[in-house]
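Worksheet: one structure, shown below.
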Amino acid sequence: MAVASAENAVRTGRFTRTFIYLFLLLFALFYLMPLLVMILNSLKPLAEIRGGNMLALPKQWTIEPWLSAWSTAQVGVEPTGLKPFFWNSIKMVVPAVVLSTVMGALNGYVLTKWRFRGDTILFGLMLFACFIPFQIVLIPMARVLGLLGLAGSTPGLVLVHLVYGVGFTTLYFRNYYAAFPTELVRAAQIDGAGFFRIFWRILLPSSGPIVVVSVIWQFTNIWNDFLFGASFADLDSMPMTVALNNLVSSSTGVKEYNVHFAGAILAALPTLLVYIVAGRYFVRGLMAGSVKG
Amino acid sequence: MALPSARADFKTRLQNLIPKLVLSPSLAMVLVFVYGFIIFTVYLSFTDSRILPSFGWVGFENYDKLFRLRHWDIAVANLAVFASLYIIISTVIGLSLAIFLDQKIRGEGFLRPIYLYPMALSFIVTGTAWKWLLDPGIGLEHTMHLWGWASFKFDWIKNRDYAIYTVVLAAVWQSSGFVMAMFLAGLRGIDNEILKAAQMDGASNWNLYRRIIIPQLRPAFLSAFVILSHLAIKSYDLVIALTGGGPGRATELPATFMYSYTFTRNQMGIGASSAVMMLMTIAAIMVPYLYAELKEKS
Amino acid sequence: MGFLDINNVTKSYGSVEVLHQVDISVEEGEFLVLVGPSGCGKSTLLNMIAGLEGISSGEIAIKDQVMNGVHPSKRNIAMVFQSYALYPNMTVGQNITFGLEMHGVPKPERQKAMNDVAKLLQIEPLLARKPGQLSGGQRQRVAMGRALVRNPDVFLFDEPLSNLDAKLRVDMRTEIKKLHQKLGTTIVYVTHDQIEAMTLSTRIAVMNGGYVQQLGTPKEIYDTPANLFVASFMGSPSMNLISVGVKAEGDTIYAETDNSEGETIRLAFAQPSAALKAHDGRQITLGIRPEAITDPEGADRNSRHIETIRNMVEVTEPAGSDTFVASTLGGKECIARMRADADVGPNRIADFAINMEKAVPFDPATEARIV
């Protein structure tokens, strides 16, 4: 959390404090349990899961389920494991994140420092676009991707995520640059710097925190997307989430729970890592996007 | 910073033009891919489209059919139950955790990420984990039986009447930590001198929170409501991964309804009309909120 | 034609006109201060001179060249901002030379110009630091350095001292004045602080509600304010404005009002004008600065016209060098400025000496000075 721990003026008694700690620990357990259970059971052989206690430590440790989930498990028809779909996701996420962040930064810069008549309405239009239920665009999007020759391809998914992500990145950069002193831009104008030079030399060097926020937000959202992946991807471009769902819900054969868990953790790993490394900024970004609107 | 356009020199005119050029690709994208598509879908909802879009005008027939479908009724009723419980429970848990965490708790830096990490996960991962935890044959119920609590019964996910509550449970697990973060930021933003003044006035802790602090969290309540209701109406992935809409239609939501009618049952006209209903519901919540936010700023 | 000409300039946002028909001609080397309360249009006017805001009608010319529509960087001006607007990611040296770099000045020349300015402003030890590491006064110097290095035709200052604490503000004020005397540059300076306006300027434009209320030297503005707004805005404590009746008796014209005891007081005008005579029998507003009302011993010896009245003292405020004395005249509070050791106390009758040479009559209907 970015917020500095404030001097707290509320005093509490010993009984209350014990209750508070119990409550907090109970919920910590609630949040941790599914992840712990998944990790524990992804390291057990299948027989042990069926017969045994889900909270027990593995009697026989094995990484076999992980290897299977990564490279040999049956996803759809072929026993490819999740590996190709992991790379599909990477190939989709990286360009979509970079493009939407660059566009959001420039949009935020225009909307705060180069204001013109009607710019608030334009921003409102872009902002509302963040909140539409995507069901409303599924049908025409499928058609348009077909017309553009991008149906079922990774570039098609990049386009989709760019279109529906740029509203958020614009929102972040606009809120951030709104607090950036306009006098600096005016000073630079008098000094003779133009639109791009001011952005590059004056604003961008101070934009570190918000770039991190935008990248994390976009990365998490696009990596975790299921609806667009399920609707517009084919087998060669299918992202990790869709592949995981196929793996877990395939009705043929025995349910290999241990493999499913290993797969689920693999699918969660990139966002969890990003969150662990830069979680403080992540929360700050959520705040900026929601509390301040 | 509107510089004069008439009689202006080249540099001034160029500098006036560039910002609009820079904004225009995003704007064009949003206009076509959002507003254009909305218009297209609204149009489709008045046509006889089945497996593919077709343009035979049928007026309100699709809406008429939609409102007569028991399937749609179930989806809407489920959404009502799911959304209200999800919003209320997430808010209560989030607020409680935030207030308790704000009491100079040792290990706050350790607890906060634990509460928050589910937000970083995909709903598919959440669904996978909870589907199994809730499965009576192998998850919690089974474990309790192994521990000797033979009468323990927790089979909601297989029960038509209770399955929707398992969706609530998993969704609350995923989002309540995020609500906590919003309230915590709100609490940390309250002026300490007000709290000191209230204590001088002799307010008990209970009254301090009820009368002074919680009323000041109004913006956080509003934001939490807007975000959660928006997530609730859009939620699709979680249901797919957790229950697949079942058992039967017990956990069908408008989002899953739209998808199955449009893409698997080849009733595109009805699917489009259900999407329009979803959009109108969200717009009813978002438009006043965004309007107020933008107006306040400019 | 002056050095900087503002001809009939107006500014409108949509249908709202915020600046009406401003006409100011500034000579080379002048120090013009635009002063007024917030929202009076002074900053808008400055931004229009800078080219940061468009001109709705009229013309702004620098050195006889019309500047309407010319990009800010091509007007050969420099501006010092209220927040200093130092680029946070650049060092002091880079801040100072950024403008030269943008104008394509080769590096050795930039370096030399920077060193000259740094020497002039005594900021040489700061050149490698970032703005975040500087104190308020140091930032102020760097901001001036950034303006000076360009060697512009006109310097624009937008409330440059308002972010400094009281003592530093006085020091920097003196420094800006010294700099102006030394370099003889043309300056347009915006402030809401009337003391800054008085001390720094060669001429002042007092603005209110988008109009220039009065344009003149500090002495003209102070001694003969054009209207009631200027009279009350300039000077601290502000000018006493007392409602009086005009009564002509032969060649002498009296102002009649009541003291706190309900007694009628008659004050003869020093050099009554014909216009004043025309107000015979009407109520007017008489403006008298606090320093023109003193104890009899402290009265201005050069004045040829002192009227002494008796009045009840209500409050005394010793300010060290002087004592301010509040009483009621014509039903309104009236502040006098007495010597620190004047023998006055609350709820006692005292003698007040009024220097009628400094009294200024205003028409309450038009609010303009009666000349």
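The first chain written gets the first letter, and so on, giving A, B and C; residue counts start at 1 in each chain.
The working rule: a residue touches a chain if its C-beta (ideal position, glycine included) is under 8 Å from a C-beta of that chain, and two chains touch if they have at least 3 such contacts.
Quantities reported herein were computed from a predicted structural model and do not represent experimental measurements.
Trainee: Using C-alpha centroids, which chain lies at the maximum separation from chain B?
Mentor: C
Trainee: Counting C-beta pairs in contact, which chain pair has more, A-B or A-C?
Mentor: Of the two interfaces, A-B and A-C, more C-beta pairs touch across A-B.
Trainee: Rounded to a whole Å, what is the gap between the Cα centroids of chain A and chain C?
Mentor: 57
Trainee: In angstrom, rounded to a whole number, how far apart do the mean CA points of chain A and chain B lie?
Mentor: Chain centres of chain A and chain B, defined by C-alpha means, are spaced 15 Å apart.
Trainee: Please output the residue numbers of chain C that touch at least 2 other chains, ranges allowed.
Mentor: Residues 51-52, 71, 73.
Trainee: Residues of chain B that touch two or more other chains: which are they?
Mentor: In chain B, residues 1-2, 11, 15 touch at least two other chains, as defined above.
Trainee: At which residue positions does chain A touch at least two other chains?
Mentor: In chain A, the residues touching two or more other chains are 186, 189.
Trainee: What residues on chain B touch chain C, complex-wise?
Mentor: It is residues 1-9, 11-12, 15 of chain B that touch chain C.
Trainee: So in the complex, the part of chain A that touches chain C is made up of which residues?
Mentor: 181, 183-184, 186-193, 197, 201-202, 205-206
Trainee: Flag every residue of chain B that touches chain A in the complex, lowest number first.
Mentor: 1-2, 11, 14-15, 18-20, 22-23, 25-27, 29-31, 33-38, 40-41, 44, 53, 93, 96-97, 100-105, 108, 111-126, 128-133, 138-140, 142-143, 146-147, 173, 177-178, 181-182, 184-186, 188-189, 192, 195-196, 199, 205, 208, 219-220, 223-224, 226-227, 230, 233-234, 236-237, 240-241, 244, 254-255, 258-259, 262-263, 268, 271-272, 274-276, 278-279, 282-283, 286-287, 289-291, 293-294, 297-298
Trainee: Which part of chain C faces chain A closely enough to touch in the complex?
Mentor: So the residues of chain C in touch with chain A come to 47, 50-52, 71-73, 77-79, 81-83, 85-89, 98-99, 102-103, 146.
Trainee: Would you pull the chain A residues touching chain B in the complex into a rising list?
Mentor: Listed in rising order, the residues are 1, 3-12, 16-17, 20-21, 23-24, 27-28, 30-35, 37-38, 49-50, 52-55, 103, 106-107, 109-111, 113-117, 120, 122-129, 131-141, 143-144, 162-164, 166-167, 170, 178, 182, 185-186, 189, 194-196, 220, 223-227, 230-231, 241, 244-245, 248-249, 257, 260-261, 264-265, 267-268, 271-272, 274-276, 279, 282-283, 286-287, 290-291, 293.
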